[in-house]
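Labels for the chains are A, B, C and D, by order of writing; each one numbers its residues from 1.
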């Protein structure tokens, strides 16, 4: 049996769930989980995630996709179909701090992510051993103001064909609009603050100076507007006046690992739909 | 337009969602929200909550119910149908401590609950003014070891016909199996600990003595087995060695209010299905 | 026996704790709790909260204060001395939404706050009954653009002499710099967002539009810079794409009650020291 | 300059803080942080943690300890003195699951713990590479019902002299009372549930079956009574009916890492005092 997920976005209208689930039923496939959300019962936008399984000997991918395309047209729907046997390929970019990388590699080794990590790229040479020991190729691509354009080309050459999503696991370089345009897939970033508080540089210091009593970390999709992309996950923790910058850094590293892992998990299970500048994250 | 919620439990089988949503579609009703859960894709039990709206001028309750009963039979489903215009009637029982009562009355006055509070019963006379000022009848029914059976009869006489759910908002008497059997509807209790830790009497003291670093409160349905009923909601908060019994009491009162309010909210919106000794709480 | 709290701020230097605790010891008083914090062991600023009890028959307030003033001079310390038998007097200001007011009144009635509520002032007439039933005088002082200056004068006349702290329990008017200057004591505000995110008007709407996955509420001291004052307490809760503006409002109301109650609790127990634009909140 | 921490437990009495801080002052040492707690102002037990720095050229350890012993005798105090330059040596025991081990090694490499990891022992051979790469000796000591007594002797031989604390990072063997007695120092265990809920075997399954809505992990000191030792830290996370056993395991693994890391951190900074079956954990 093969499993698949369909993500749908279309204008809200009567009978969508009936038509889609009837479609699945008639193909002799079996719904495992189905979830919907509508921005507004009247004139809203409708979103659906449908997980189902089918017997590939009796139903070819070809036919499935062709038939669904025809239904989607009637519903005026954007849609994506993901097969469980086709694992997403993750590329990771990072700079010096490796706590998120180490956490992702361990979770991957534990089988937490239904995905493959196909490459790790860093502008620091330090992480080679830990990455290669996990059986993942490591690429050291230094970046400077002068070489930035060239470096991005090199990165693109590495990830363009063999990744389906990029994860910025504390990558301290800003990717150019050109790069974002050229890379066709989603890019997930971890920002080390509770956005929209403390955008930009040095959020730890900003948080410490403002004297907040709760700190956070935010995983979001990257857009051209820095730190403004759709938020996927946020996690938080209390702090007190006793927490100095080092404590804050230590506590935050932990939050960053959790927020990023949750976001990757949701993304590779195709539970996230981007809509305008927000996300629908199906449970 | 009328709104309604159907809750379904049946053996998992192919095409349930398709058949139910097609049923709704053919009646010219419109699905607002639909959620399902299956304990196991193979041979599991399937649960569904379907919220929809329809024009009562074009579709009578009678026909809706008759038609659905016919479909349900084919699916071998237990089901319940709730109309939005028929508000649930809540009866509240409490003893001396009134923090949950006050919280519920204020939330009710703010329009948080889509329900009516039809009576408040206590074995203490103290709460009359606050209850009557909220426009709710207050019944003082003292309980002693001797009078317990008689008291329960009095309570039953008050709630049997004009409530659809009972809320034990810190009611310190144990309702007899006889009462539970006679009252046909659900009874929600708030237990002042993080169950299954600290069952029984004086959970504050137990928690303090064990030296836990997190305390909690648990809202659950009442069954014959004390503190063992299906859990609807739990909330928690940190504590330290500095928190003495009074602090613990104060923090816990707050948790009790939140857990109970969340549970009532979920119940009156028909988002809870009891199954064996657990609950499915649809989001 | 009388209890008292001393709050101290002075340049960090050797022997402060020794000198202060020796001072208490020689007066035959008994330390109940003592807590300190230093921004930096070298050249930092030192803060101390000392709770102690003494026999007023053997040690007069007069002598205690005179003696301590002499020690404080040597330490170059700012200090405040609060007697437990002198309860703080709280004035509450609010506009239309009363959830924080109701929560404070109930907590007060339960004995949670070691303080008295001496007046409630609102620019809406609606809350008279609930306030007066709690035995607190209610003052309806309407505010308009034209009458603002006059209204503030009226408020000041009411609170200047019979309150030691003002609590803005969802007061939607901005107090003028003139008022802040004239009122000599602290003013605590509850802001209905997780500051510094979503300052200014309509934070619920801002949060909803940004699509955050965690919302919060912030209790802070009021300064001339709106929403920029020292933060005393922040509490947070998760939200999802399903939470519409009404859900957010409901969840936030709850957070506002908790954050404000915690802040009032800390303030009336003299556990808060303001320093620059931050707070030290002793546990 | 050397830093040191004194932990004190003694009968509550007037002037303790004064005498201890005066003692530090007269030695020309400087208090960095001081924290106390009393179970009861009258006839209670008093606990104190005092962190201070001194110039070892002007004050020898010998004299410091001798002088303090004399003061402690007058106060009838139990006490411990820890020098910052003498790092605690941690021994780690684990079985098959390595998530806590990996987390500890990474935190250690990041400088989070002021301690050294001197050996890792497992009844599984799998973790050698990751441990040795971190520069720590790895010992594979299989355990069976027959060899248990011999295995414990081997473990004891390894840890008796070169560790100051043992961490059971998901060690699935029960250490015998004999072992506990022979090993003179503290042993920290991570239990994969929110104790006292779900003691004993397979807490994940127990939690799943009870249908709790919040799960947790508990770090505690090991005593002869299994899962009954003094709790150091507990952390929690929400779960829903959708979380199956695998989800619960994944979420719990994360909680276990956090609870254990926090407990180790508190222990190696000498912020924990055990008293009866509870802990005082100074902030």
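Just so it is clear, a residue touches a chain if its C-beta (ideal position, glycine included) is under 8 Å from a C-beta of that chain, and two chains touch if they have at least 3 such contacts.
Everything numeric here is computed off the predicted structure, so don't read it as measured data.
Comparing mean CA positions across the assembly, the chain most remote from chain C is A. More inter-chain C-beta contacts link the pair B-D than the other of C-D and B-D.
Computed centre separation for the pair chain C/chain D is 37 angstrom, with centres defined by C-alpha atoms. With centres defined as mean CA coordinates, chain D is found 42 Å away from chain B.
Touching of two or more other chains is recorded for residues 37, 240, 242, 283 of chain B. On chain D, the positions that touch chain B within their shared complex are 37, 194-198, 210-214, 216, 230-236, 240-242, 277-281, 283. For chain C in complex with chain B, the touching residues are 99, 102, 106, 110, 112, 129, 133, 240, 242, 250, 253-254, 258, 283. Here chain D touches chain C in the complex through residues 14-19, 21-22, 24-25, 28, 30-38, 41, 53, 238, 283, going by the rule given at the top.
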